[in-house]
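Alright, structures below, take your time with them.
There are two complexes below, and they share subunit A, which is joined by subunit B in the first and by subunit C in the second.
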Partner chain A sequence: MDMFKKNPSLPVFIAVLVIFTLAVTFLSEAYGAGAISTSFVKTLGKTLCLALVAIAMDLVWGYTGILSLGHFAFFGLGGYMIGMWLMYARTKIIVLESLANAPLPPTASEISDAIGTQIFGVVGSSEFPLVWYFAHSFWAQIALVVLVPGLLALVFGWLAFRSRVTGVYLSILTQAMTLALSLYLFQNDSGLRGNNGLSGLQNLPGVDGISQDYISIWFFWASAFALLLTYLIAAFIVSGKFGSVIRGIRDDEARVRFLGYSVEGFKLFVFTLTAVIAAIGGALYYPQAGIINPAEIAPIASIYLAVWVAIGGRGRIYGAVIGAAFVSLVSTWFTGGQAPDVNLGFYTIKWVDWWLVLLGLSFVLVTLFAPKGIGGLFDLISGRLSPNRHGVPLGPDKGSLREEEAEK
Partner chain B sequence: MSGSGTLLEVSGISVTFDGFRAINNLSFNIGHAELRAIIGPNGAGKTTFMDIVTGKTKPDEGKVLWGELSRNLIGMNEAKIARAGIGRKFQRPTVFEDQTVFENLLMAVKNDRNPLAVLFFKPKFKDLAKVEELASEIGLAEQLSRKSGELSHGQKQWLEIGMLLAQDPKLLLVDEPAAGMTLGEREHTTDILKEAAKTRAVVVVEHDMEFVRRLDCKVTVLHEGSVLAEGSLDHVTKNQDVIDVYLGR
Partner chain C sequence: MIGRLFSACLMLLTCALPVQAQERTIQDVLQEHRVEIETSSRKTIAPAIDAIASSGLPAAQTVLEKWQNKDMWQRKADGLFFYATPADGGTYTLFDFDSGETVGVFEKGDLDQLKPNSGIRAMIGAALVQFQLNDPDPVRRREALLAIQRDGEASHLAPLRAAIETETDPEIKQLKEVTERLLTISFDKDDAARVEAIESFRGSITLDARAALNPLLSTSLAYAPPEDANIAEHVHSRFDGRHMPEGVTRSEAVALLQKHGVLGAIPDEQSIHDALVAHMVNDQVGGIQRQDLGSPDARYKAYDALVAEGLVPARISEYDVSETLAYSPLALVYDERSKAVTDAAKVTLSSISRAVAFNQFLDLSLDGLSLASIYFLAAIGLAITFGVMGVINMAHGEFIMMGAYTGYVVQQIVPDYTVSILLAIPLAFAVTFAAGVAMERLIIRWLYNRPLETLLATFGVSIALQQIAKNIFGTQARPLTSPGWLDGALTFNDVVSISYIRIAIFVLALIFLGVFLFIMKKTRLGLETRAVTQNPRMAASMGINPDKVNMLTFGLGSGIAGVAGVAIGLYAKVTSELGQDYIVQSFMTVVVGGVGNIWGTLLGAGLIGFLQKGIEWFNPSNTLAAQTYMIIFIIIFIQFRPKGIIALKGRAAGD
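And then the complex of A and B:
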């Protein structure tokens, strides 16, 4: 099939992912030797979700040339949507248990009030805001995971692309959207518990007897499966004529227009699709993290996303996966206090403080000296070289591939 | 209507950029299967004329009527105009340099342009045959799997013309196709354009008189945004106004 021919990395990726999933399973506390702690299983599961959203970022930036600095907002929204159901359903169980001993059986409104007080007590309220209208229904909230970020992306994208906002201006606009969303969620009356966010998401309603050892590995499997699906979808999208058109848009969108393709339509399609992918990633990530708050949606998170893709190597799907996995795991290592301090005699480098500096520095170095990123290392093995274009990029547009990023 | 009648009618268009009148009440017609050269000194409005017809620039006034139904093209976007059957070749060769000659041509071949249709597009035999046919017509049959960024300047120009032909437009607007070409390449380009003009209208904007002479077609001379003279090359080169503003210099 075309998809496999155009993506020789696809079988390798599938094999690595399957082996990795099996290895983690047989080393986990739930199903194996117990060499990997449950909290580390969660870290790995979360990392897979980050790799998933990085693929979305690569599609929108690496392939279509839209440097969106807002995709983590869609990721967070997906998390909020699933978090609402998790919190509601679990609180309801607790409330029903405590009301079971009451002399009179509780009425529906008493139950609702009790749940409301439990959830919104921290923000001084007990009323259910309108946005929680569907929170009692698992399937409705699952649908909202896709619909809310999808509609936001559709409306935002339609307005931005229709006005032909491109390049830096579009990036700024997406940052503004992210900032506005996180500031809104920080407010107590936003209906989503302000800066407290939603918590206790690791406890699945109705499976109280089952320990986190098992739940963590289930989520790990779900994340691995979602990553696999995303990879396949991304490979399918970029390998055919659609891939040609979006890479054309990245390098020279005016030319694509004169070929009769509606550039705005294609951009909107990719933007919305990747927002939905990001949201699904978030819906799998936050139950593993256990908590989501507006800080997760802060503009910096979306910038990290771009950094991961850049360090991994944009315009190649496995590059995004490697970048996200590598940087987030290394980041966990450094910021988790595991990295040994470096004593210089006059000053001790504590990595918890210096990690961001190191990350920023490596981003600059990769951009300057190894634009293909970590993914470019595979080109050394396969012998694919960059063309010699004397420094001329592959197209006139801002997002077009640079000479060093391209392949002969 | 075969061969005769009007395909494109430009009527009374004017456009002003910050007070500079680039096109001034310009009107002329182009027939169905016609080869036409547009010449004129720098700033005569040649490229602006193309920008208006292809939807890149909106004129201040006037109409551009298209096809048998005489649809007004003003107000339509670039992609829609391209789908209506107007292809455009830019002055510099603009092909997708990171993609192969095959991918470039396949993208241009006339098919449904809607994103979903494109996503699930599988090239059919006729699409592949069309790509092969065009590639040999433009002399790039051996280069199909090469990235177009590696091609020579002349080859890129042909590839772009090939992409235009793949769109199967009714009207081809070609901006200085011979710029930067060697003599041999120019001859090949002339052949391609003449061949194309047998089945569709081709408008060539060109500076180079020798190239225009080789095209051997009706010539429209633009000056300061409107038509100065029209007719055969010999006819317009004898025109005193033309000699004064253009050839005399």
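And then the complex of A and C:
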């Protein structure tokens, strides 16, 4: 298998993921010793989803050189799509229960009105907006998880790549798209409950008798499986000829174009595919988080995504996974108030307040001094060396890797 | 000439009055109408008030005011009227109306207080109007006129007309004339006079004119209106079966037809539901089991069965209702009877609304201009660091925030707002210049030609700075108060106005543009900056130190951001997220305008500012939507002009 030959890290990653999944399962409250609380299982499951979207980001940025600041928007859209079904189905069950004692059995329109009032009461409406047309159908919404972000990425990417918007301009443009989307969703009449967002997503309809202990571990398994699949897909893509072309685009777009490749087509494919992967990640993430609102897809979230990939080490798939897992878990630890305060005598550093400062500065330091990120440590272990090119970039393009950060 | 004649007459009158007064005091007038005043009934009091008001005696106004305020008392012993103020121990000091002198102190038991009811007080108030309108104090005359404009009555009309001729102050005279016309529109009995008054407001945009004219055109829905009714329009002629004409709701029309017996009760879903529940016997209604009633068809069937038994009114189909509505003589009838008046009002209102629309357009343009200058201010620093140097600085917004907080801190130390703003501007420049230079030395210079890395590294600085500001100043908004002379607004008329702060920001934006052009075109630094940007190696060969030039240029851009922060802080709340709100728009401004060209930035700011205000105009309640659509517009705009409005050409373009 070419894929395994080109990615020696692949079996290691699979083994680590399997061992980790089994370990969490046997330590969980549902299937094992109960050493890991249900909320921590959820945190771990969410972390796996973030690792998944980080792989998508690494594909589009680390391998293709497009610094997209919009992939967390696709992630959020995926969450919204699945959230619509979860909320509809859950509300329907509640409404049917409450209407069971009505003098007449309810008609279809009465049920729909009651659900509408329940869901949209907070934004002063009771009508179902058009975007909820398929909300009653699980399979339709699952299809929309893929279709809506995929189409958005396709149209946006087509417009952007067609007019040869590259580099920072593309980054700013994607950021503008993210901002537009989140501002749109913040409106009450966007049809998705404005800044209230969708809530109660952790309650799966139809599994009332089962506690969150079990549901959380199921989602954990699903996230681990999705991560594994994504990793395999990413490894497959980057190891073949396709991978060589997109790396070529990253390092020297003009040269690849002159060689006769359709640069725009390759970019569009990667952009759309990663958007779909991100959306699937979101569809798995938000049922575990329980709530989604427009603040989740603000531009800053997409920038954090880039931060994770950069800290983990871009241009290598396991780097993205490590970066996302490491930064988001450490972030949870610091902001959750578990980190001990540091008393300097004249001032006590409370990490809840100072964590973002630390993150920001460490991010600057990583960019300046350790462009390989955490992933670079593995090069030290394997001790692989490469010819010294005196620090010049691998290609003239704005997204190309520096010599210091290239995997040898 | 007429005015002079009139004042001569007035002098004659005032000379004549004392002669009369010796024979007749206000007390005499009051005594003549003693019975009416004591009875204090709304039906009979009018002659008494008229007599007092028209007596021409100087004390008449005092009497009416005291009476209205329930300060007029009657002495039981002789029935004479006085005004009184409470003295010690439940006693009252009485004063004579005519002379104003103290009459004496009396027990409460010896006196009767006159307590006019609210109806009488209103009549006294109307009578008082003529005195207020002729008050020697112009401030009080103006107050009285404004009170009449707000809350006019038919009874004000006569005294107001009488008071116009005698008015000497031209401004108040004009106000009186306008008020007279407004009252004429609403209350005059003569239609020709009203039409004339209405037409005099053509093209005017004052709120009062609109407030007086709009009620004239209020309509109500009528069934088969009488022949002489002033009909606005026949409803059925514009009824298309589904949509009612503007201003009429379907349910309103149905209710009217039901009231006139044309339509019977129309059972809706809810009443069908209730009827079925009410007639349920043994879980069965109309021959259908309860559990089968979960569909509309089954419910209709059961209901029709009840109809057949004669228990409930029959269903009427939507179609039948629509047909009945379409063929019924329904009409919108003006509440105002006179057709001439409503026609004139319609014409005048449409001319007013044209004038208002034009002025709103002017106002919107001013708003757009001021928003554009805010965007320009926020973006001009970026035009240097990003536009000229090509460095993506995501912390630019945080430099704006630092400038605003510098202004806030200076205000805490220097209490005088004018001095503190003048101090804050150079200080903010110094602080952010230093921060910019530090950032350039420590981070950016290692990443030249690595724009994506610069973006991420400066973003790291941005979140760190934001959080530090949050830790120091807290999360709540801090006020940056503008000096008193910037309070208020420059008002052109009722529609067009602009606050002085916005004018100041506009002026500041112009100054910055000038400073930028001066530095770039006329100074050594500008020359070296342009040289280093175009070709660093060649510039270095010519003896320019590119490191130093880059450092200073970046510092300059950051410093300008700091000053912009002070200006923006005056207009918006100072929070740690202040910069974040502007960063995307600022980049958009520079990109849309065309990177590397200050005129492009100016055009970009103008385009974005006017566009956003223009979109807001369509949907004023929703600024979020305006921003969304604006960003979408920009994304599409960049498709057609990827290099911005003003694209650099040739070697300067850098590719």
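Throughout what follows, the second predicted complex is superposed on the first by the 404 of 408 C-alpha atoms of A that agree within 3 Å, B and C clash if a C-alpha of one lies under 4 Å from a C-alpha of the other, contacts with A are read in each partner's own complex, and residues count from 1 in each chain.
Keep this in mind: a contact is a pair of C-beta atoms (placed from the backbone, for glycine too) under 8 Å apart; a residue touches a chain by one contact, two chains touch by 3 or more.
All values reported here derive from a predicted model rather than from experimental measurement.
Novice: Superposed on subunit A, are subunit B and subunit C clashing or fitting side by side?
Specialist: Superposition check on subunit A shows subunit B and subunit C fit without a clash.
Novice: Could you let me know whether more residues of subunit A are touched by subunit B or by subunit C?
Specialist: C
Novice: May I ask you to decide whether A:L401 touches subunit B, subunit C, both, or neither, giving the answer as first, second, both or neither?
Specialist: first
Novice: At the Cα centre of subunit A, what angle separates the centres of subunit B and subunit C, to the nearest 10 degrees?
Specialist: 100
Novice: Touching A:G336 in the superposition: subunit B (first), subunit C (second), both, neither?
Specialist: Once the two structures are laid over each other on A, A:G336 reaches no partner at all.
Novice: Which of the two partners, first being subunit B and second being subunit C, lies in contact with A:I237: first, second, both, or neither?
Specialist: Touch partner of A:I237: subunit B, not subunit C.
Novice: Pick one for A:L259: touches subunit B only (first), subunit C only (second), both, or neither.
Specialist: The first partner, subunit B, only.
Novice: So in the superposed three-chain picture, is A:V168 touching just subunit B, just subunit C, both, or none of them (first/second/both/neither)?
Specialist: After superposing on A, A:V168 lies in contact with subunit C but is clear of subunit B.
Novice: With both complexes superposed on chain A, which partner does A:R247 reach: first (subunit B), second (subunit C), both or neither?
Specialist: A:R247: touches subunit B, not subunit C.
Novice: Between subunit B and subunit C, once the two complexes are placed on the common chain, what is the minimum CA to CA distance in Å?
Specialist: Subunit B and subunit C, overlaid via chain A, are at closest 7 Å apart by C-alpha.
Novice: Enumerate the contact residues on subunit A facing subunit B in the complex.
Specialist: 237, 240-242, 244-245, 247-248, 251-252, 254-255, 257-263, 265-266, 269, 387, 389, 394-396, 401, 406-408
Novice: Where on subunit A does subunit C make contact in their complex?
Specialist: Result: residues 67, 103-109, 156, 159-160, 162-165, 167-169, 171-173, 175-177, 179-181, 183-184, 186-187, 189, 299-300, 303, 306-307, 310, 353-357, 359-364, 367-368, 371, 393, 398-399, 402 of subunit A touch subunit C.
Novice: Flag every residue of subunit B that touches subunit A in the complex, lowest number first.
Specialist: For this pair, the touching residues of subunit B are 54, 56, 77-80, 82-83, 87-88, 90, 94-99, 103, 106-108, 113-116, 118-119, 121-123, 147, 149-150, 163, 167.
Novice: For the complex, give me every residue of subunit C touching subunit A.
Specialist: Against subunit A, the touching part of subunit C is residues 273, 276-277, 280, 290-296, 299, 392, 443, 446-447, 449-453, 455-457, 459-468, 470-471, 580, 584, 587-588, 591, 622, 624-625, 627-628, 631-632, 634-636, 638-640, 642.
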